[in-house]
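First comes the structure, then the notes that go with it.
In this document, chain identifiers A, B, C and D correspond to the written order of the chains, with residue numbering beginning at 1 in each.
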C-alpha cells in the first residue's frame, strides 16, 4: 500500500504532504486489535489489508488506502478535487473541524471521486474517508457523488461507491439534508441507463448516507462486522428501552434482513468486483 | 387549553381570557361591550404581531410542534372533498404515521400523502408520534406510483419529528425505504407539491419531500437534525436546543433565503393553531396556484424539473485545478 | 334485488330458468345468522343487502345478487357467456360437479363478466359466484378475466372484479394453474394503460385467485369479515402446529398487514366505487 | 444410500450392489472381472429401461422428489462459471428457499433464480424444504428486474413442493408476492427460460415460472395441487395420492401434450440422480439452445412473446350466442 506509486492526483497538492493513514492506528511498530486484543505487527497487518490475522476484524481504511487495494495499479485519476466547502451558516467551529479533517485525511472532503479500472473494467469510483469529519455528507460530498453518477452516464461506465459515514453534515444545515435527495435523484438518473451501480458499505455506514445513495445500488456489498444502519444504536435503544437484538446493525444482520447482497472479506473484494463488473459489461 | 399554551403565548392567552370573560359578562348581563371587546382584541392582535415579529428559531420550533397545531388530516378535512383513504404497503403492514389517499381539490383529483401526528396521548401512540416506519414510506410510494399511473398530481404533507428508529424499523430497512422514496419520487411523471406544515424532521421528512415545489407554512421548521440532538453532539447538552436551532437556521425564512424551498405560506395571526380555517384557506390557495403553474409542464418535464431543482441544491466553492 | 329488471343477459338462456339465490339461505321466511345466531326475517335481510342487522355479518352473495346492488340499474350487459368448460383430463366426476354448479348458480361458470356503469362511470366488471364449484378458477374463468382486461384496454374502461374463490380448479390440472399466470399477465398489460383496476375481496377469496389477479389491483377493497388468504387455515395450522393469530386471514387482518386498502361495509360499496372511479376518470 | 432408494428402484439397487461388490472383489483379488461386470451392467441398464418405460404419474412424482435428485445449486455448480450469489429482498429478509445471482453461461452473463431444497435434515430446515416465503419471491423479482435493467437473460429453476404457508408468510403477503412476480415477469424485456427440474408445486412454482420457454426435465412433475392434497379433497384420503397424480396428469409428458410447456429435457438412464453430470450436460444444452433461439427477438418482443404464450393457455369451448 504505497499511495504515491499509483495515486495520480490532479488538484489540491497542498493536502498531499499531510496525507497519512487515518484509522487511528498507533504510529508504532505494533497495533492492538480492538476486537480480540491481539497485538499485531503493523507491517504484517498492512500486508494483510488491515485485517486482524487472528479474528478477521476489519480495521478502517482511509480513502487512499482503500483505493490502493481496490483498483488496478496506477489507474486512479481523481476528479472534482477542487470543490471546497463553504461555511455558509457560519456554524460554530466548522472551519476548525474542516481543518482537522483535512489534516487527518490529507483530503479536502470526506469523499474522493475519480475514475479507475478494476480487473480491466473502467469505472467511476467514489471512496469515503471516515477520517474527514466522520465521512459526513455536506455540499461538496453530495456534489461529488452526483457528478460521479453523471460522469458514469456520460462515459457509459459503472459506478462504484465505497461508503463510510456518520450521516449528513449538520454544520451545513438543511442543505446537507438536501444532499440525500440530490444524490438519490442522481442515482435514479443513472439507474435508467442500464449501467451497474455497486455500493460497498464499510464500518460505519449510517444515517443520511445509508438512507440515500448507499442503499440504492444494484448490488450492495458489506465488509464483515461493519456497523450499518439508520439511527445510532443509542438512539434506537433509547426509543425502545430494551436491548437491541444480537448483532444489531452489523453487516451480517443486514444480510439476514435482506438489505445487502453479500458480506465480503476485504481480500476478496477486488476479484469479486471484477467478476461482477464482467456481468454488467457484456450486454 | 392552558396545557397547550407556549410560554411565548402566555401574554396572549391572558388577553384571550379577558376577552372571553368580557364576552361572557356581556352576554349574561345583556350589556353591549363590543367597543371594549374590540379594543382588547386590537390590543391582543398588536401584541401577537409584536411577539411574532421577533420569533427565534427555537420559538418557531415550538410553534411547529405546537400540540394544537393543525395536522395533515385537519388540512385534508378542510381543503379537500371526497377523501378516500387508502391503506397498506402490500408488503408488511399499514403504518398509521403516514396517511394517504385520493381526494378532490376544487373538483380535480389528487393523491395525498402525509405524516400524521396524534392529538391526544392515545392517538399519539396510534400514530407513533408521526414517526413513520418503512411500511409508511412504502405505502406512500405505492400511492404515488398509483397517482403517476393514473396521471394525477401528488400533494405531500410533511410533519414528523423524525423517521422511526425502533429495532423493527431498522430490521425492515428504514434507510432503504427513505432512500427508495427519494429515488422514485425524483422520477415521477406527475406534479408533486410538498408542503411542510409543522416539523420537517431530517430523513423522516425528505423521504416524502422530493417535489417540484416545496412550500413551507410560515411557522414550520425543516432541519437536518433535531436541534436537541445537535446540541447533544456539539455541546454535549441537549438542553441547548435553542442555541442549536439558531445555528442550524431551521426556519422557513432561512430555507427560502438559501433557495431550498420555493415559497412561504402565510399563517393566520398567532399561528395556524389559532385559526384552522384561515390556515387551511391559505394553504389551499398556495397549493392550487402552484399546481396551476406546474400544469404547463409535460409529463416528462416533471421529472426533469425535479431533477434540476435538487441537483442545484448545494453551497460550495471551486478552487482552480492545477 | 330483482334480477330480471336490470340483468340483460345475452347468451346461455338455458341457465336463466335455474337462476336463484346461491348462498344456502334456507328457503323459508326466516334466516339464522351463522355468526351471532340471530333469527332474521328473510325479507328484511334482503333489504339490508344480506347483512345481519344485529352483528353486521355479511352473508355470501351470488353473482346476480351482487350485480344488482353494485351497478347502475339496467346497465349490466353480460359478455363471453358462451364459453363452456371441457373436461379435457376426463377428471372423475367433473361433469357432475359442473352440472351441480350450474344448477346452484344458474350460471355456466363461477365467473360472470360484462360491462356496466357505476354512478354513471362505464366499467368492465367481473363477478365471481361461490355457488359454482366454490368459485374455483378453470380455463373459462381465466379466459373471462383475461378478456375483461383486454376489453378494458380496448374501450378505455376501468376494470372491477368482485372475487370469491377457493382457488384454482384442480379438475383441469395444470392448465388451471396457468390461469394464474395468464390473468396476471392480462392485469399487467391492462396496468400499463393508466386505467384503474379495482379488486373486491369477498368471503372467501383464497389460493390461486388470491395469489394472482385478485391481489394485483390498484385498489383492493375487502368486505368485513371476509376470509382472505393463500392457504386454507387448516393447511397453515398443520404447518405450524400452533394456533393462528387472532383474526387470522380475515379482512381486518389483511388491512392491518397492509394487504388491502380498506374494509368496506356492503352498504357503502357502490357509492365508494363511484367516488374512486371519479378519481381515475378525470385525467 | 439405501434410505434414498425408492421402491421402484430396489431391483436396480440390488444389481448396483452386485456390480459394486464384483468390482471390489475384482480389485482386491486383482482378477479381471470386466466381462462379468459389463454383463451385469448391461442387465441393470435393461432393467432400468424397462422400469422407466412404464413409470406411472406417481412414480414420476417420487422421482421428482427423490432425495438424491440434483437441486438448483447442483446444476448451477455443474453448468455455470463464476456464480455470484446475491441475497435479500431489500424489504424484510433473505429467504434461503430461493437462491439467485449472476453467473456466466458459456461466457455469457445470465441471471439465475431458483428454488433450493436441502439435502440433509439440517439443510432441509435451512432451506425450508424449498418452500419459499414472500421474501424469496421478492428477492427473485429484485434480481430479475436487475437482469432486465442490465439486459441479461434470466434462467429460472423450479423445484418446490409449494409456497410456504406459515402464518408469517400469510402476514407478509405470500399471495401478493406470487401474484406480483407473475405480473412483473410477464413484462420483462429480456429472455426468460424456465426449467422445472423436480417438483413444480402449484403457486409456489408459477411464481417463478412465467417464461418465454418452459422446459421440464424428463422425470419432473408440475401440478396445480399436490396429489395428496387433491386426494384428501376428492376422496377424503390423502394416501390416494397415486390415483390423484394419475387424474391430475402431472407429468412432463402430459404438460407437453397439453401445450403448456415447450420441451422435455432427457435425463440420464434411471433419472438425473444417477448421473448429475449427464443431467447437467443435457440441461445445459437445452438452455443454451433455447436462449440462442430467443436471441432473435427484440427487447419488446420478449414481453409480447410471453404474453401470447400464456394468453393461449386454456382449454374451453364456445357455444353459439343468441
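Rule of thumb we're sticking to: a residue touches a chain if its C-beta (ideal position, glycine included) is under 8 Å from a C-beta of that chain, and two chains touch if they have at least 3 such contacts.
In this text, all values refer to a predicted model and were calculated from it rather than measured experimentally.
Visitor: Considering only chains that satisfy the touch condition with subunit B, which of them also satisfy it with subunit C?
Guide: Both subunit B and subunit C are touched by D, going by the contact rule given at the top.
Visitor: Which chains are shared contacts of subunit A and subunit D?
Guide: Neighbours common to subunit A and subunit D are B.
Visitor: Averaging only over C-alpha atoms, locate the centres of subunit A and subunit B and give their separation in whole Å.
Guide: 34
Visitor: How many angstrom lie between the CA centroids of subunit B and subunit D, rounded to a whole number?
Guide: Centre separation, subunit B to subunit D: 53 Å.
Visitor: Two or more other chains in contact with one residue: find those residues in subunit D.
Guide: 90-92, 171-173, 176, 180, in rising order.
Visitor: If a residue has to touch 2 or more other chains to count, which residues of subunit A qualify?
Guide: In subunit A, 191, 215, 257-259 touch at least two other chains.
Visitor: When you check every pair of chains, which ones turn out to touch?
Guide: Result for touching pairs of chains: A-B, A-D, B-C, B-D, C-D.
Visitor: Of all residues in subunit D, which touch subunit C in the complex?
Guide: 163-167, 169-176, 178-180, 182-184, 186-187, 202-203, 205-207, 209-210, 222-225, 229-230, 233-234, 247-250, 254-255, 258, 260, 306-307, 310-311, 313-322
Visitor: So in the complex, which bits of subunit C are touching subunit B?
Guide: Residue list for subunit C touching subunit B: 191, 194, 196, 215, 218-219, 255-262, 272, 275-276, 278-280, 282-283.
Visitor: Sort out for me which residues of subunit A touch subunit B in the complex.
Guide: That would be residues 10-13, 81-86, 88-89, 91-93, 138-140, 142-143, 146, 168, 170, 172-182, 184-189, 191-192, 207-208, 210-216, 229-231, 235-236, 239-240, 242, 244-245, 248-249, 257-259 of subunit A.
Visitor: Touching subunit B in the complex: which residues of subunit D?
Guide: Touch residues, subunit D against subunit B: 90-92, 134, 138, 171-173, 176, 180.
Visitor: Would you pull the subunit B residues touching subunit C in the complex into a rising list?
Guide: These residues of subunit B touch subunit C: 82, 84-95, 102, 104, 108-109, 135, 139, 146, 149-152.
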